[in-house]
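Shared between the two complexes below is chain A, which has chain B as its partner in the first and chain C in the second.
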Partner chain A sequence: MNIFWYELKAYRGTTLLWTASLAGIVLLMMAMFPSFAKDADAFREVLQSMPEAVMKAVGLQLDSITSLIGFYSYIFTYVTLCGSIQAMHLGTSILSKEGREKTADFLLAKPVTRGAVFAAKSLAALTLLLLTNAVFFGAAGLIATAVKIASFDFGIFALITLSLLLIQLVFLAIGFAAALLLPRMKTVLPVTLGTVFAFFIISFIGASTGDGKLRYLTPFQYFDRSYIAAHGGYEPEFLIASAVIAAVCLTYGIVRYAKRDVQAT
Partner chain B sequence: MNLFRREMKASRKSLLIWIVGIIAMVAGGMGKYAGMAESGDSMNELMADLPKTLQAVFGVADLDISTPIGYYGVLFLYLLLMAAVHASMLGANILSKEERDKTSEFLLAKPISRDRLLTAKLLAGLVHLIVFNAAMWASSVLVVGQYAAEGESVAAPIAELMLGMLLVQFVFLSAGFAVAGAGGRPKRAVAISAGVMLLTFLLSVAVEVSGSIDFLRFLSPFQYADAAEVIESGLGLGFVLTGVAIAALCLFAAFVGYRRRDIQV
Partner chain C sequence: MAVIELNGLTKTYGGARGVTDLSFTVEEGEIFGFIGPNGAGKSTTIRTMLGLIYPTSGSARIFGKDCIEHGPEIKKEIGYLPSEVFYYDNMRVKDLLNYSASFYKKDCAGRIKALAERMELDLTKKIDDLSLGNKKKVGIVQGLLHSPKLIILDEPTSGLDPLMQQRFFELLEEENKRGATILFSSHILSEVQRLCNRVAIIKEGRLMALEKMSELKENTYKRFKLQPAGQVAPGAFAIPGVTEWKQEDGEVSFLYKGNINEITRRIAELDLRNMWVEEPDLEEIFMHYYVKGA
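So, the complex of A and B:
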């Protein structure tokens, strides 16, 4: 329990900062929604004069993107980008900092098993992410209510917002695995940013054509927001895919953490 | 000179990984163009009629995505993001790693002035940027050229885009240098530098979505090399001057600050 509280305290500042930035992004972007919606209205009038086939092809998409949910889905891409960096950084850092700061012998000389250390650390990371999401959920909900023009479906809004937590959990697990795969890591950030941005760019390439296979490659595509908006739920196969990735990384983490050589000085 | 050579060697491996990433991104991204090209034309006419803020959401801006160079322009934003991640981390890391790895005592005991030390590290950083940029340039010309129609010149706009990218890289490298050289928290330098970079990226997205806060464009280097603008009319002189001025200011701060700073040992 001591380790748990210690870690919570150690990451208090960082987590606060991340939570504030996530809410800040939503505030900054959603503030533009009213003027954006007005633009869209004007364009819809232009569309009226177009042939019906074209209107059908684009109009549907336009309707979904110009609603509050559609706009929120769009900016949520950037929220998940930042959230993933937070989660993976947390996961990698919390497991590897003992080795880096040469405090591993101190920690591991305590009368707790390695399994208990791992459990305490991963629980602390989980708690931090849950707190981040709880605050973020509240903030995003408030902001959305403040800028809305017409009423929107709060259930779908909640599902989209909740997908942040799920993506973060996947990246947290990837972070755990990365910390143990690269035990001699000197800094966490290059690995974190490299991984997250690589997935982010793959996600963009996949999204531009809607390639089905490519979607499995990047967690950013697991919770397709237009699907959520249309069906009011997550896609089961991708829910399973993220659970599998998280479980594999976590199992690897637990097994490896219990056995590995620890550099002590 | 020894220091310069050492720095070149120290990040050789990571530079290689980056280059592999660049080639994969350019080839993968343009590979998607082949599928887009057929259906692009009618879509494109419609896109041109969209209000600017909506274009930003679709990610096309003023680009003609039915031509290879226009599609490359859409991709360019993400390539630029890669370059910015690389440059901002490199700039901060190359300086702050001495304090992190507790080697600054060793380094500063050598008979060279701090100015010369900074110059050597800056030169090494610049060479890294140029190699990064050259790899991007070569792979872009080769890959985009594959898709170009007979007689269509893609080399000229790509050259202009790459110069823009070099400018952005230079700004972020200098900013990272300033954070690590003049800032008081060398351990957090890389994080701060990457944070600033991410912030300007989000600002750039906000500027594009809003469409009405154009004066903020000068605050985000990502806007200095806006693909649509560069392909249409070349780099803007105002942006080039602003970029160079910001970089010069950052470097000045780094040199002055580092000369008189306490080094943590």
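So, the complex of A and C:
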């Protein structure tokens, strides 16, 4: 447990910052909803003049954008982008820390198994993400209730909000795997940003071309918000895809972490 | 009882050499020196014993248990000071030591305080702000705070000033009297000489020699350099044990191995301006083992 508490404390600051940013985004953007809804017709006209591919790429849906859920779905694209960066950065950083700060000789010379270290670190990361999501959920729920014009389906709102956590878990696992791919991970941020943006761009292209198979390639497309709004649930095949990716990355992480040689300083 | 047993320990990194077929034992209560030049494989050996890296073949046993299989169990009784000390930077010394202590199921608060006082280490400072020597002290306290039965030190004295080094050695001697076995790696033989009972000499990943310190001292050469006032008769030092005789620019130098009284008697007959007697450096000792091994 001491490693768990230590890691929680070590990432307290960054997690606080990320949580504040995510809550900030949702508060700020949702605050614009009332004025946006008031001028809905004028806005719709502007949007109609835009090419369809662009609309799809940025995730705008003409018929739903003026509803609260529709608007929320739209801004959620950027929430998930930020959340993914947070999650992957956390995953990569927490596992590669010993290599980067050369503290492996400290931690792994202690009477703990590598499995226990991995477990403590991943649990700490999970806890931090859960905390982030709890705060985000609260902030999003509050602002949505405050700015609503008509009543909205809270169940769907909750499902959309919860998809942040699910995408974050996938990226956390990807981060774990990324941390262990190289013998010594020195640059967490470039690797994180590179990976997340690559997936985001694939998502962008996939959405604008409407290519169904491309959707499997990027976690950003796993939780389609118009599907959630229409069906009141997640698409099972993509839930499975998320679970498979997370499981594969996690297993790889556990095995590599236990077996690899820790690079000499 | 053997505290450390290495059996044909081999570690290769890809194609690169780490250590090759290393076998020796360290007995309980010994202070054991592990000597070799930089890159000889000292750290590789130590890090294998601690399970930081896995052996390619062979095995290492500590307290009679395989150090991979029973790693966490044996590490309860090991204190380790890495050669380069890096600790989580944004921490205070006190926090790091408490974190370190939290891995052992004992109360170490008193020990931390006593050790820090001994080593003159300020517990409230941030690790970031510490000098190399002070970081080393953090490492020392960290390695000793749980009163381990086996203390493994990888080049522990670099960065310590002579006074601290002295105190550190005293500390180690006390730990040893208490019953702790100590493995001490170094590339400086003279440093080890004072403390160690036995030494293993390693070069290019292979064990060159395993000797009692007392024998090693008897068997090693001394380098003499004389500046005589007059001429030295060619036969003046023609006794067994004198090698590499050189005479130039009014200076005489040679290596000597044997009874020291014999040679001083000869030197006493000369009228000298100056004289130097040096311990041969490590390289020369290695040369000696090279020759012996060839």
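As a working rule, the second predicted complex is superposed on the first by the 241 of 265 C-alpha atoms of A that agree within 3 Å, B and C clash if a C-alpha of one lies under 4 Å from a C-alpha of the other, contacts with A are read in each partner's own complex, and residues count from 1 in each chain.
Heads up, the rule we're going with is that contacts are C-beta pairs under 8 Å (C-beta built on N, C-alpha and C of every residue); 3 or more make two chains touch, one makes a residue touch a chain.
Just so we're clear, the structure is a prediction, and the values are computed from it rather than from any experiment.
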| item | value |
| --- | --- |
| Touched partner set for A:F43, first chain B, second chain C, both or neither | first |
| Partner chain(s) touched by A:N2 [first = chain B, second = chain C, both, neither] | second |
| Which of chain B and chain C A:F154 touches, first, second, both or neither | neither |
| Broader residue contact with chain A after superposition on the shared chain, chain B or chain C | B |
| Partner chain in contact with A:D105 - chain B first, chain C second, else both or neither | second |
| Partner chain in contact with A:S35 - chain B first, chain C second, else both or neither | first |
| Touching partner for A:Y227 - first (chain B), second (chain C), both, neither | neither |
| Partner chain in contact with A:P190 - chain B first, chain C second, else both or neither | first |
| Set intersection of chain A contacts, chain C complex versus chain B complex | none |
| Touching residues (chain side chain A, partner chain C) in the complex | 2, 6, 10, 101-106, 108-113, 116, 259, 261-262, 264-265 |
| Footprint of chain A on chain C - complex, ascending | 13, 43-44, 47, 50-54, 71-73, 75-76, 78, 80, 82-84, 86-89, 99-100, 102-104, 142 |
| Footprint of chain A on chain B - complex, ascending | 14, 17, 21, 25, 28-29, 32, 35-36, 42, 46, 49-54, 57, 59, 74, 78, 81-82, 85, 89, 93, 97, 100-101, 190-191, 194, 198, 202, 205-206, 209-212 |
| List of chain A residues in touch with chain B within their complex | 25, 28-29, 32, 35-36, 39-40, 42-43, 46, 50, 54, 58, 62, 65-66, 71, 74-75, 78, 82, 85, 186-187, 189-190, 193-194, 197-198, 201-202, 204-205, 208-209, 211 |
